[in-house]
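Below are two complexes that have chain A in common, paired first with chain B and then with chain C.
And now, the complex of A and B:
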């Protein structure tokens, strides 16, 4: 590989990182939506860009998204499927004037996640190959187990004192049933969308954007709009309330959770990190935020590292699948280049996210929160309309209604992930529900 | 003092902030995290160095690639043996390819989709005789092939070109050059013919330049530009034999044959190279000279051969009325005029740009524009012949590009001819070359 090529590779990673950072600030906009457009342009315009350089630019975008979208999730309350778990703790941090500290903890987790990908994944390359060979024929069982875990982990619920036994029983089951209702409705929505979406064919590659935004982002914003929501003045600390143990514990749990999610279809970073945090018996928000940062990065970026891993070439995640349309990873040199790009994009993204957070921590409290939420909602609606047409807005509205169920009944929002889990699990199990729903 | 997390005022010696529950003492400095972040520079640098120094996979011999290597990433090296091909679609060229040989076997290298445009831009479309180092995905089938996924994994080396001229190539024997030998020569395009595999352009009426279709499809070689003046061409030599000799015929040295002709009587002989010394159209004979020995060749029709031509002969060595001669009468017998031709490389230099000038056709290879009246119009098998009356003189115009004349021209029609002054049978004529800017325009 020539030196000039390596320098071009670095340049493309930096370009991708900057583009990804700017776009990730837009609430509701997932990097995969943008990458989809980039790929469309790449294919149709016949752009004369070396495919590997294009890959590195997309990786730069992905890494920066994994870091910077935290900002949008925390300051604009517009999470996605993997940041919804951090919404509650980060809201607490915001109210305690520690929004920036939350960002630093998540970014630290993300940083350790990048290290895990670039240092440990290659070391355990052969082990991962063996694990994949074992897991591959049983993926549907594993997804089924994840679903069972999500449903069963609702128990037990303790609502403390109650008027009488009947009232206690009703209160306990109310949230559980609301959670199951959410799971059922989100799952049904997923089956419908995967089988016969109403989104026009020319927008079909963005078909998941509308339901995910509806389930996680718009429902949160609507909650903010109807509740008393204020952001106090934020402090910019020089240190964070955590000890090396907290960071290590969170990072290890998050990285393993993210790796699990990167391996198993339908399991996203949030679920992977959440399960890992249970598995590692995490206590406290600090460690959880670190683990979520790590999990998110390992999930998104790890998937692409696994794609280039010489013994594995695992196609997981929309980026790996998109790249595979025009590029086949072949050499160890490409893998080294990808890992160099991931590490470089990780460093740049880390500093970008910290400086953006500092800026927003100073600015956001000065803005009327209602106005902020309305503006964010407006941006999301416009984006969904542009990306998925008016049919996407209908799907988003339905998804928002489903996303409000756990918000209003205080049950787990993670059940909304059934929109991805259920159709993929059914598909991998060979079960076709669509004909019974008149979707064929 | 102030809580380092929330910034609110808290009593001195407080361990846990009463407002935000943050630990005041046991904390990690953000600057320490910066060091953690910057340590990734080392990781990035190590990987970049590994990518830089990584030599990839070892070189495989083409003969050793088997079905077990199907879809595997392989590395091969070899010389381009055929000329490149291109698959054209209504949307452009979707695939290009070329064949390489490493001495053990042959393999077709394929480049698809977006990489095609990039390959053109980066001059990574090879020519015949180029040395190629390529890595890609191997496919085992009736023909072994390799798909290039990254152009940086395709390296092409153009070996040194020897400077030749049209005369040295036109008069060269089969033993003067070797196939695939790289050469460069200067000249004018004096004619263009189209074939399924591409175009054959004649340089200075002497040497054929084979332009593979791939180069014109990819717009790497533009015939209009090539026909616009004196051009330095690059390519590889290929000995063209119109008919391949049969193994049923023995290649002989004519001087050895004539030492003991009886032993060769009624045998099938092949003479790879001979000069035509004389011909007799009525008798149907050619007098040829090969290996310093003369012999008569009898054939049905010898009108197309000219004295001075180089011919290749396959026929029966016979004694006819006491004279030894070669009889070329059977289906498998032949007399052909083999020649060295140049397979174009996708690079050229226009040395002298010419423009059409309003003058009478007097300077050979000049581009002229001449207007006049059609005195005579004759369709030929390969074009049209026009006799043009202009400035009280008549000129012969040969239209190679039949598309440039829509239907027959009538005597008396006024036309403007743009073409090149060439020589035919010792006389100058204007040639309207195909696929160039030459044209015939009816103005009244």
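And now, the complex of A and C:
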């Protein structure tokens, strides 16, 4: 490979990382939405860019998103499907003036996750190929098992004060049933959206944007608006108080959870990370935050590594599918180039996150939180309208209402992921609900 | 074990049942139903694997009656009440020859802050001691050091009469989520036995319940090969939970209504032990991969011992057993043994001592309170 090509590759990774970092600061905006537009632009303009360089730029954008979106999740409280799990601990950290510390822990997990992908995916290349071949015919019950675990592992969050047994059961089951209602409604919404294209056809590649933003981001913002939400002055410590054990434990659990999510269709980083945190018997916020950072990065970026993996070529995630429209990975050399691109983008993104977090930790407390939330909500509404038209706004409103159920009843927000899990699981199991719902 | 380990153990058990059912019915019948007809029968193993905890933490917990409840708030803190109530319950269990239950509620300050208090049973001097601790924050239980009460308001003790059998660590912390409940049972020798969370690992964690649930398999699939397979998956999946829990200290009540006490566990590990959970989950995932490969139409990997002995899938039982042993020796045991010895070495170098039996039992029981295990 020529030196000039390597330098061009580095340049494109850096350009992608910078673009991704800037756009990821916008709350609610998912990198896949942006990448969709970049691809449209690339195809329609017929730009003369080497496809591999374009791929590296998109990977730079994806890696930086996986790192930088942490910022808007924490400081603007606008999570996506993978960061909503860390919302509770991070809000606690923010309240205790340790928002920057939370960011550092998540970014550390993400950096370890990037290292795990770049080092271990090539080493276990053949093993991953064999495991995929074995799992593939069984994928319907594996996804079904994930759903069953999500539903069965929610336990009452009461404080043990009851007048009698019946009152206790009522209080206990209130949260559980709210969780099940959320799962049912989100699943139904998912089935409808997968069976019928509601948003205009020219925006169809953004079909999941409105429901995911509604379920996770706008519901959180509305909660912030109706509750007493204040951001105190933030401390910016020179070092973070975390034991090597917390980092190792969190990073290993998160990386494996993210890999599971990248591997299995419909399972997202949040669910993968949360299952891994149970599998590794995690204790404490620090380890949890590290694990969620690792899980998120391994999920998003690992999907691309698995796509380029010579023994697998697994198309998982919107970026892999988008890249596959103009590029087919063929050589081991391409895989290693992508691997190196991921590592470079990861290291750069890590420092960008630290810098941005320090900046925001100083600025955010000076901003009226209500105003901040209204502005964020405004940005989200405008983005959804631009990308999915008024139909998208209606879907977002319905999804927001569903997303508020677990928020108001203190049940798990992970049930909202039924919007993806249920339709894909039904699809994999050969079950069509659409005819019974009058959709086909 | 954590709920996830139980769930995986149930799924793994289900894959073994499928392998055996395949061998029993022939023609790869059950595996074909799973792969080609997309049957979801294996999930039953996971569902019934986690069900014992679901029963306990969603139902049994709320059916437990308490003779006394101690419910304090930040403006009404009275350690004497805690000590007196516990001492009174111990005496009452002895005098009235019946089980007496006490619930100690947590002291909640805000959504994320609690005031901690400790209860200590001094069995040598027949005293219950209650000490009020600091306000703590979050699940990490970080104390606010300026929130300790003066000693005269923070300490109280009360005496009880009978000999108390208390098989746990001396101090019990009452802090976050819901507090622990204690049961005091009169023993035949005149002493009183104390137990934590009496509703847990009783009838819900029993061999009996596994047998009772098993016929659901026939309700789902009729008296067909799939129905029988589901029957065994449900029963063995349920029992897998009881068995894995039994590696801890607390044990379970195996055969209610014929037995009423928990049989102590094997004391191999603690249910919340990180290593124990990781090893269990790793073993389960590896075994599931092996079983899925064994029933797959194409073998994606072969084990050398079976090849050396000239065994193929046509001699299924011999081939399966030899391959499984080979797989365990090559892929399951080495990482577990290596990591175990590495951790043991690090712990020794750092001077971390093993918990005593009492400490480990208390730790396990406290981790079970509030369902943190699930």
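Observations
What we mean here is this: the second predicted complex is superposed on the first by the 435 of 440 C-alpha atoms of A that agree within 3 Å, B and C clash if a C-alpha of one lies under 4 Å from a C-alpha of the other, contacts with A are read in each partner's own complex, and residues count from 1 in each chain.
The working rule: a contact is a pair of C-beta atoms (placed from the backbone, for glycine too) under 8 Å apart; a residue touches a chain by one contact, two chains touch by 3 or more.
From a predicted model like this one, the values you see are computed outputs, not experimental measurements.
Contact with neither chain B nor chain C is seen for A:366 once the two complexes are overlaid on the shared chain. Put simply, more of the residues of chain A are touched by B, taking chain B and chain C as the two choices. In the superposition on chain A, A:169 makes contact with chain C only, not with chain B. Once the two complexes are laid over each other on the shared chain, residue contacts for A:228 go to neither chain B nor chain C.
Contacts of A:237 after superposition: chain B is touched, whereas chain C is not reached.
In the superposition on chain A, contact of A:96 is made with both chain B and chain C. Judged by the touch definition given at the top, the superposed model places A:247 against chain B, while chain C stays out of reach. Taken together, the two complexes place residues 96 of chain A in contact with chain B and also with chain C.
Listed in rising order, the residues of chain A touching chain C in the complex are 92, 95-96, 130-131, 133-135, 137-138, 140-141, 144-145, 148-149, 152-153, 155-162, 165, 168-169, 172-173, 176, 249, 275, 278-286, 428-430.
Against chain B, the residues of chain A that register as touching in their complex are 1-3, 5-6, 9-10, 42-43, 46-52, 96-98, 101, 104, 108, 111-112, 114-115, 118-119, 235, 237-244, 247, 326-328, 330-334, 336-337, 339-341, 343-344, 346-347, 350-351, 354. Per the touch definition, chain C reaches chain A in the complex via residues 2-5, 7-8, 11, 34-35, 38-43, 46-47, 50-51, 54, 57-59, 61-63, 65, 71, 103, 105-106, 108, 112, 137-140, 177-179, 272-274, 276-278, 281, 289, 292-293, 296, 298, 300-301, 371, 374. Interface residues of chain B, counted against chain A in their complex, comprise 3-8, 19-23, 26-31, 33, 36-38, 40-41, 43-48, 50-52, 54, 56-57, 73, 92, 113-115, 117-118, 121, 135-137, 149-153.
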